[in-house]
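Heads up, the next two complexes both have subunit A, just with different partners, subunit B and then subunit C.
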Partner chain A sequence: MDVFIQTLVSGILIGGIYALVGLGMTLIMGVMRIINLAHGQLMMVAMYITFVLYEFLHIDPYFSLLVSMPALFLVGVLIQKYLLNPLLRIESIIPQNQILMTVGVAMVLTEVMRFIFHSDYKSVKTPYSSAVLYISSIAFNFPMLIAFGIAMILTAGLFFFLLKTDTGKSVRATAQNKDAALLLGVNAEWITQLTYGLGAALAAAAGTLLLPIYYLYPDVGGQFTLKAFVITVLGGLGSTVGAIMGGLVLGVAESLGATYISMALKDAVGMVIFVLVLVFMPGGLKTLTKV
Partner chain B sequence: MKRTAIIPVALLFSLGMFISPVLAQEAVRVGVILPVTGEKAKFGEIEKKSFEMALEEINAAGGINGKKLEFLFEDDTGRPDVARSAAEKLITKDKVVMLGGGYGSSETFAVANVAQESGMPFLVATGSDNKITAQKWEYIFRINPPVSDYPKGLESFLTEVVKPQTAAILYENTNFGSSGQKEFQQTCDRLGIKVVMSEGYQSGGMDFKPLLVNVKKANPDLMYLISYVMDASLLMKQSMELRLTPKIFVGGGAGYTLPEFQKNAGKASDAVFSATLWYQTLPYPGAKEYFDKFGKKFGIETEYHGAEGYASAYVIADALKRAKSMKQDDVREALAATDMMTVFGPVKFIAYDKMTNQNKLPTYVVQWLDGKLELVWPKEVASKPYFYPVDWEKVWK
Partner chain C sequence: MKSSHWSKLSVVLLLAVFPIIVPSDYYRHIFIMALMWVVIGSSWNLLAGYTGQISFGHAAFFGVGAYTAGLCVTKLHISAWWGMLLAGPVSMLVAFLIGCVCFRLRGPYFNLATLAIAEIFRLTAIVWRDLTDGMQGILIMRTFRNKAYYYYLALILAAACIYAIYRVMRSKWGYYFVAIREDQDAAESMGISAFRYKTFSLLISSFFTGLAGAFYMNYMGFIDPEVVFSLYFISIMAILVAIIGGAGTIWGPAVGAFIMVLLQETFRSSFFGIFPKWVSEAHALAFGLLVIFVIRYMTNGIVGDWVKVQRLWSKNKEQPLASTGS
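Let's look at the complex of A and B:
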């Protein structure tokens, strides 16, 4: 029983961070109808920001959320404004040329970071990196708990923004019907920039929260892009509630798979769930919620 | 007017065509394939720097019989398909006289395949999966002991000091990992150690706890881990979190001997043992000098992978000096006749255990003590006495 609970706890904690990664991507997907294949790489950039702040200015990784999120928001806005939006105006054979652009952005980000920091593995070692909370014999990794908590707060904040503020409503309106939103006076161009910025900022949060637990090298982004993509599809494209569920489901499935089937098949278990959801629930997990 | 302009240009071109092959012949070109980007870049970089360092020294000492030696580095990015095309490019386009390098086993195997097909001598520096030299491929030589030899030095340490009853093996599910797992399983069978758990995992994971809780349940005396450096740090950190306390933790080389392992795992790295192939205090001529020079030159520490790179550069130079000509078969013959001392130990290519053209070397046991890697076994060459038995609660405090 202990083994089962420990596995579940690990899965849910990881799932919370996955949800944060997925949320950013699903937001971008909902508004712009594109898959942001630079998502993990944006996370990686945020991780480097956190690393630099910690290494040279000794700023606690959790405080550097206040730097990494705005910084990545800005990067996101600039990418959308100068790299993605101009592509909208060009007639091209495939309408998804923006997706190709995100692949390019991802590569450039990776190589720039490699140029600056080399391929060395980096990690931040805070005094609490390995701190553990024991409840009976179940170990709760402390940074993991904090990351989960902050992820939940950020998610709640995002929902408040989307549901209660005017700008948030404009974002949702643009996601639902861009032309209609334009007709009703929503500045769609600004909304796309804002959304990409927000998505990037959420990715940044996930990256910064992960750093005390995980490690960092220029190629670390790829695996998170893949995870984010799986979560987004799992949750139902463009659905925020779906992304949260998708993240948690993926986290728990991977953990259970690792314990009871084989850790070597961890990713395979996630993919099997992915395929099953697509087959039996083509709309993703959001079909369960009707949101 | 136009015509007159064309003539000198055309002349220049034709001249260039005559000159360039002459120039190219002046240097002896050897292709070196290593991962310098991607996840394995860390090791690749240490090896590449060692190759470059050796190259400078070789050329300063007269090169290959007066000709300059040149290494053409290709990045395999840690992917077999890339490694394969890099080898093809070096052989067909750059017309190198032989190949060197080879870090990851899967990539090295791919390169070896191409090299054998085109009759190109290939001196493997690191790629340690047994099968690389177990194909009866006469053009493939390996300076590194095969992964199956990694725990040889450990064996005597276990039988004489630790005497474990049970063991758990965790390994990354790659060529390197599963090959090492198979061999350690056999070692355990031979020594009468019961393997209570043997599980692969996927490299790059964030959370190894699901795996580790299973180990904790099995409660082995010995935990044997085969992983690259960052997985190694996370595995140890999370073992510490879960208070997983076997009598000893042993890393099967690779990640567990790198300075990064200690840097990232912190106190979780303390008292961890590892099998290793080389240590700078070993009584091989030049070993300590190489270690110091590398540290001074690049500001980072080198380890056995670097020594392999450095030694292979010298083996390559030695073989090319002795070769009758730069033809592939002459180079192959010279390489086969190698019998020299390097910083990595004596190098001689022999056939044993189904392998051919394989260098045979003893292996050692090292342990992290107070943040430093110390050679602890065999006793005769130890730089510090081993720390055992370990009270984990005290170490992890």
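Let's look at the complex of A and C:
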């Protein structure tokens, strides 16, 4: 029983971070109707920023959120402005041109980082990296707990932004109907840039929060891109509440799979769930909740 | 039209005599890889460029083909060359099953489903040690020491693949494929079964990709799941090769394959030793930048937007530009 609860706890904790990854992806999906296959790579860039800040300036990983998030926001805005938006105006044989562009962006980001930092594994070892908090016999990994907390705060902040502010409402309006939003005076061009920037910043937050407990190499982005779209599809493309649930479900499913099936099949669990959801419940979890 | 015919014929002739003029194993290897990518890129192009179903999972067929050949040796104890016969049908069988699942989906959902299924294949190949030897991979003895044999095999494979796709696209099927790409609902209302013709397209595509996989096993003599089922080195490369050359054109993927392999190799050798060593580390970066450039400015690829390229060329005619490719 203890093992089961322990598995559940660590699944939920990592699920909180996954939710952050999925939220960024689902925002982009909702507004632009594209899958952002560079999502994990944006996260990887943020991890390197955090790594550099820690290694050379000795800034605590959690404080470097203040640098990595704005930096990735800027990167995201620039990618959307100069690489993705212009494609909307071009006729092409293949309709999913923007998706292919994100693949190119992902490749370039990975290779730039490989060029600068080489393929070595890096990690940030903080004094509290392996600190553990015990509640009865259940262990809570301390950095995971902080990461989960910050992830929840950021999620709450995002919801406040989307629901209460004018700009947030414009984002939601654009997601619902771009043409109508345009007619009502929403600057859709800027909204898409803002959304991609926000998505990138959320990915950056997830990357930075993960770094104290994870390791880092240029190809690390690929696996998080995979996870990001599993989460997004699980929750229902474009649904923010769905992304949070998707993140938690994936986190729990992975850690259950790792404990009870095999460590090596941990990633396969996510993929199998993913295909099943696609085939039997294409709308994702949001069809259950109607949010 | 006439002149382009001649240029194509001369390219084919040049490729046919290439190993005779160039005895270097290194250059032969580069061209063998390029020809293999011609096969993969072209078959991806049939499904995506012509039928409009963008697959992110061609590594599944490539890997299944390669493992079919490899398992011939380790499990059936027959020559890996039997794999060349078996790989096509086996890949088609796998493709049929994948098609049954994935063709229920459209657009981004289809892209993601193919990607996920290819990942499942990769992870299964890693974990199912009894069958595949997992990450240990499969190592076989190569039959020929002389690379010229492999070169001609690859050339025949590439030619057969391009010719088959050319014939298919000239037939009634080809028009159905394009109709589905342009507007699936309209095609269905005209009485074209989208599911059936998408499946046909996928079967042909997977047949050649599987063959390329079996060829890879025979040629390289070593495979492991991370190589042949790789998302980034197979699935995505197949897409990029076709996109750079031009999706929805017969020769596009072939041009793209040669550009990809030659560009990467030029960088990897630091421009044949002219530039300092660190340049070699940028080989994938250079290709990535080219991809972004092509998608941004030549959306239909180099062959697809050839008119654009020519116009650009005639505008600055005073600059001597070497025109390569056909």
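The rule is simple: the second predicted complex is superposed on the first by the 289 of 291 C-alpha atoms of A that agree within 3 Å, B and C clash if a C-alpha of one lies under 4 Å from a C-alpha of the other, contacts with A are read in each partner's own complex, and residues count from 1 in each chain.
Here is the rule we go by: a contact is a pair of C-beta atoms (placed from the backbone, for glycine too) under 8 Å apart; a residue touches a chain by one contact, two chains touch by 3 or more.
Owing to the predicted nature of the structure, the values given are computational and were not obtained by experimental measurement.
Colleague: Quick one: on subunit A, after the overlay, do subunit B and subunit C clash, or do they fit? Just give me the call.
Modeller: Aligned on subunit A, subunit C clashes with subunit B.
Colleague: In the superposed arrangement, does A:I146 touch subunit B (first), subunit C (second), both or neither?
Modeller: In the superposition, A:I146 touches no partner, neither subunit B nor subunit C.
Colleague: May I ask you to decide whether A:I12 touches subunit B, subunit C, both, or neither, giving the answer as first, second, both or neither?
Modeller: neither
Colleague: Considering only touches as defined above, state whether A:I93 meets subunit B (first), subunit C (second), both or neither.
Modeller: In the superposition, A:I93 touches subunit C alone.
Colleague: Please indicate which partner A:F229 is in contact with in the superposed arrangement: first for subunit B, second for subunit C, both, or neither.
Modeller: second
Colleague: In the overlaid three-chain picture, which partner chain does A:L78 touch, first (subunit B) or second (subunit C), both, or neither?
Modeller: A:L78: touches no partner chain.
Colleague: Just to be sure I read the superposition right, which of the two partners does A:A264 touch: subunit B = first, subunit C = second, or both, or neither?
Modeller: After superposition on chain A, A:A264 lies in contact with both partners, subunit B and subunit C.
Colleague: Tell me the contact category for A:V52 with respect to subunit B and subunit C: first, second, both or neither.
Modeller: A:V52: touches no partner chain.
Colleague: If you stack the two complexes on chain A, which partner ends up touching A:R114: first (subunit B), second (subunit C), both, or neither?
Modeller: In the superposition, A:R114 contacts both subunit B and subunit C.
Colleague: If you stack the two complexes on chain A, which partner ends up touching A:F274: first (subunit B), second (subunit C), both, or neither?
Modeller: The second partner, subunit C, only.
Colleague: Which partner, subunit B or subunit C, touches the larger number of subunit A residues?
Modeller: C
Colleague: Hey, which part of subunit C ends up inside subunit B in the overlay, 9-17, 117-125, 135-143 or 153-161?
Modeller: That would be 135-143, the only stretch with clashing C-alpha atoms.
Colleague: Let me check the overlay on chain A: which residues of subunit A are in contact with subunit B and also with subunit C?
Modeller: Common to the two interfaces on subunit A: residues 114, 118, 219, 262, 264, 267.
Colleague: With touch defined as at the start, can you tell me which subunit B residues reach subunit A in the complex?
Modeller: On the subunit B side, the touching residues are 36-39, 41-42, 45, 173, 199-202, 204-211, 213-214, 217, 229-230, 233-234, 237-238, 240-243, 260, 263-264, 266, 268.
Colleague: Of all residues in subunit C, which touch subunit A in the complex?
Modeller: 48-49, 52, 54, 101, 104-105, 107-109, 111-113, 115-117, 119-120, 123-124, 126-127, 181, 231-232, 236, 239-240, 243, 247-248, 281-282, 284-285, 287-289, 291-292, 295-296, 299-300, 304
Colleague: Considering only the defined contacts, which subunit A positions touch subunit B in the complex?
Modeller: On the subunit A side, the touching residues are 2-3, 6-7, 10-11, 14, 114, 118-121, 123, 125, 129-130, 132, 139, 141, 210, 213-215, 217-219, 223, 255-256, 258-259, 262-264, 266-267.
Colleague: What part of subunit A is in contact with subunit C in the complex they form?
Modeller: Touching subunit C: residues 29, 33-35, 83, 86-87, 90-97, 99-101, 103-105, 107-108, 110-112, 114-115, 118, 219, 222, 226, 229-230, 233, 237, 262, 264-265, 267-268, 271-272, 274-275, 278-279, 282 of subunit A.
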